[in-house]
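In what comes next, chain A is part of two complexes: it sits with chain B in the first one and with chain C in the second one.
Right after this comes the complex of A and B.
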């Protein structure tokens, strides 16, 4: 009897707190990971940029939805003929959210802070080509480079290069103060980050008055939150197996976009067996990309044949270089002296693409006589064991930075790949400014990586967005880590 | 009595010290560097070194251990590596979620378990008993995270009565905040209630077989009075002991339930902190939880000794 009464009480209490459906000018987004803090210049976590990039903080340039470089806080710029001197004209009347004015001194401060010796900027390398930076007047900034850097303007659009003010830089982690169309409102740690419209914005005001980012670490609860109306949009939904359900639901649309995430089966090029190119090529032949995409990603993802994004204009399709061919793979292994089999470690970080993809790949490798021992690890352990000390044979990871083919030119990067030929091409590319020449060099760079079969190139990660019908102006693609809501509105 | 208290207090302090040392060593041995986790794949060595120095990670381990313990004793829990705010502030923020959640769960489990356990004992062997114990059996078997997802599907998705999770905070009023904890508390409470109901039932049945109950009945007392005044009161000792034990299970259960309902509680915090190698947060919380659990045990010990003088002398193994 008593239990019945209590059940009734629960139900009654439940009635009072039904899920809120957003009004016309507010938006609630779901994000899978909570940012550790909100200063994009002080940490690598993509989750930071996914909340504050363009919304709260802006850079000199900005990256558009299609990956193009657009004017940001710099309204225009000129580049000298030798490609070494960039002169930026800044916008007038820009103010930080705390009311302080933005001018060339803030640019000097922001870039100087990121380049300083004690800087904790996760992408300090972006600033490395800068030789000196000057401010002839309050509205002009001149940057001189050590050498021509083809993608310098794109680099200035990264979240790690946003403009901050000396007055607020130290507290941006918990109270971000930028120049963007949204100001920081409230952060309920572990639950929700709220932004509100900046009515004093220098440009066109945002159409939404309030934006909330809710932290949803669990796929099943994210799906429930979408269906119950707690959130309107999940820009990057983590569980591809649930997408069919949303496709069938008339309240939602599933928007599949591109990302900059090259998902690869990384190989330790100095481990005993894998230092032999025949073994690496055998693995390339053993891999069936479509089976991995279907099996691990439920069909979303685009096959790649080298370390480059398929939606980029300079992309070269190299997926045909090593067709799925088990006989060929076995022959190459036999030639390399592993006819009787080969045992390799396959270290897998937590993301589902890696854990699920790893199972599929292990099965495919087993079919050609390579026994892959699956070792699941957490991120911190992966960073230490695989990335730092390169104590691994194979691993699966998505490299999500835009235009990151340059990692193959780095000494002692965790693939342990060394190629004079590639380094030369990449050096030429960094200095090339002519678009046609750049395109040719990028194509060549992709080919070298594929020929050397440095890694198993699997697929470009898709961004699976689940959007409530009626929301417009969001980004379908992810040319840079961001959830830019500055142009979003409800129809 | 005083000697007993002093003895127990010494054990308590020693346990805490050992726990602190173990937790420190485990976090030392665990592969992973907080600076690497924070700065990601593109970090340059000098940036990593700068961040490590900023966090004090460049000092030798024994030195860090001593300074951590001394600061902890003086009430300074340090600054979180990832969040860059004082750990005490983080714990405080999270406690306002986890504490009400755990208390609500204890309340629900008691309110469900005691009456149904007593009813079951009263109607032993009859259909009511079979049904209640059948449900309890199910409650023990069903994992709470799965039960939580079922609750969400029913109440949030199908019926739309509650939100699917999250926590609005106490800023917008107490009722919406407690409302958000309702489903999670039920999900946490049910398995506990099932265990508690079974213990209550067997304890009441035992007492009902005692001589003094027969005497009470023989005196002509009505059945209800015998049950409630004589049997239930004396049978409560066992369920109360279980409830004390369940408190620490509840704290552990919140780690899972808070993830399912994306509640910003202590369980979520420690879960995230371990993944992000926010060492200082992990160490502080673990030591704090150990302190809470052994303090509760200590109080229970003292109460037992108070009630039963036989325990004061042989005392160590309560």
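Right after this comes the complex of A and C.
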């Protein structure tokens, strides 16, 4: 009797398994942070784009896995010789998930909504160069700019510029309706977000029928979930110390790629001590980047000397500007009047790069006489206290937007940095179209930030993906905040 | 009269140590507690390595002569961290129990000596405090007032107040009805003097036993809060925080978790054994029995 039961159970398990392997067309991804809502045009959180970008929502252009600008809902475009007028031809037969047709009126609505006075778009700067937007017919959109803008087509590919429909825009936060190859299925708050294939998609249908994003904030439990098979892929695994274990496991592969995440020791440039450039430079000299990468990130990450991604063609290596030199740091502090020591607050958000990196930096600062009081905070508190009200001295955070050097030209950003020189360079850069001139200006901008020692520039975050063997078509790199699964399939 | 008391007292003391030496639980518990105390005291003046200086080149090294228990992911010496962690735990235990006895004790005595409204008020307030799960409320308090050793110690200590208030009242009530207390009251000895001279010596034993248990619970609670990131903050090491940091490194550096975990477990076990032993030895009903009775 007992053996029979066993045999039956064994058979059932075997059948179930083989059936699953043959027809696997579902994917479960682990994400570290739960998005606050699901409307990429109404929030700055990267977690929103990491679920819906390209999967649910599409823009006129889209960013490919290598960072190149590809046609999205616009199948082609022309740019006038003066670089001011962009004319987009839209795709035919595109429908939103609720069945309404997508045409030029939706483009006007989407961009108009983002540019409106009361818009909650987190990246209004992307729309700022736009002077005028017109729709000559249902399949054509013409955008006129105030001035030539070099990276305008790339900007249109951001998650913040995706196309939404007037009928559903207001409810996108909880029930996102886009044009993408996946439709929103359901969201169990705190646990997972499910998408399913959009069978009425205008382009090549997705190979996966269901995609689930599981929220796994804790590294140890994410590792356990991967091991037990609850999660197939963790695109950006937060605990680099665990990667060795997955490398040794034949069921997984570890895919190390690049991100746009400049991880920096942000400084409040208007707080009393830090408004003095000598103190900021002293901190730069006190920092030992390699020790931070080895100690906090277990060797994962590339040192940076300014706010710029090392894999970008216009990158200038400025890591040698402030070599790790404790004597020099102490001398600069003494010069600034802090020979007897300095007390600063170091506010740390939850990710391990910040918490662990913060401990290393606090120890490095202590060695030159700066006492950094570690204050751990949750993200909501960080956004309020550091990002919005700038009530902080030092913090560690990874800026994961692509080509985001422009944040230093903003009037009020949480670094409280103001530089006429930088603003001028950035203004020239946004107008420059010639590639050689652009490259020179980008280099110039990086140098100014390093010279002013605006922040402590630490390292470029690596994208450490843990993938179950057999999954194909995922992105190894992260040129934009996204987990694009539209081309993913199981081999 | 006074001569007889003195002799009785001496005989009592001698009896205590004679019996204590034959009580294995008390001896083991006492030895462990003493060891932790010594480690904590030593950490105040000396540790093999400074615990706030990182040495990343030597990270995760195995046990060696230079580092008898190895180093952690920042290259800090684990033995030094355990020693400082012991100091941290002892300090937390002392303050938390001190707060409990210091506030709860007088409240309990007051409740016993003043039946009626005051007694009811103290006891119902205790009931109210007991209704909240202590650790969860401590988590809430540290979440509101910010994480840190001081806040967590106070949060833990607050929950010791009703424990000691109840116990003190309970044991004081019987003493309060003793003839010599009644006599003292009849001749007009002031209440404070009655409390200190006539009552306190007679209720000290159960309080000491309870203090040992609460000490262990406080250490456990602090480790829990630090594990959640709400207790002791970096760079100050604590056992709970070491345990938390080791969590993701369990697969390749299990000692990082085993050592602080063992430190917590052994210390709490030691204190509990000590508490049990003291109960056996100080309880007059059990005096003279060779072995503690099974409960």
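Quick note on the criterion: the second predicted complex is superposed on the first by the 467 of 491 C-alpha atoms of A that agree within 3 Å, B and C clash if a C-alpha of one lies under 4 Å from a C-alpha of the other, contacts with A are read in each partner's own complex, and residues count from 1 in each chain.
FYI, a contact is a pair of C-beta atoms (placed from the backbone, for glycine too) under 8 Å apart; a residue touches a chain by one contact, two chains touch by 3 or more.
None of the values given here were measured: they were computed from a predicted structure.
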Figure out whether A:376 sits in contact with chain B (first) or chain C (second), or with both, or with neither.
second
Between chain B and chain C, whom does A:191 touch in the aligned arrangement: first, second, both, or neither?
first
Per the contact definition in the header, classify A:220: touching chain B only (first), chain C only (second), both, or neither.
both
For A:295, is the partner it touches chain B (first), chain C (second), both, or none of the two (neither)?
second
After lining up the shared chain so the two structures overlap, which partner does A:124 touch, if you call chain B first and chain C second: first, second, both or neither?
first
More chain A residues touched by chain B or by chain C?
B
If we overlay the two complexes on their shared chain A, which of chain B and chain C does A:367 touch? Say first, second, both or neither.
second
Identify the partner contact of A:242: answer first if only chain B is touched, second if only chain C is, both if each is, neither if none is.
second
Intersection of chain A residues contacting chain B with those contacting chain C?
220
In the complex formed with chain B, which residues of chain A make contact?
2-3, 6, 10-11, 13-20, 34, 36-37, 43-45, 117-125, 173-174, 188-192, 214-218, 220-221, 224-225, 227-230, 378-381, 383-385, 387-388, 399, 401
Once bound in the complex, which stretches of chain A touch chain C?
219-220, 223, 239, 241-242, 244-245, 291, 294-295, 298, 352, 356, 358-360, 362-364, 366-367, 374-376
Which residues of chain C touch chain A once you look at their complex with the stated criterion?
52-54, 56, 59, 73-75, 146-147, 229, 233-235, 247-252
Could you list, by residue number, the parts of chain B that touch chain A in their complex?
30-34, 36-44, 46-47, 50-51, 53-54, 82-85, 90, 93-94, 108, 111-112, 115-116, 149, 152-153, 155-157, 159-169, 175-176, 179-180, 182, 186, 259-265, 268-269, 272, 275-277
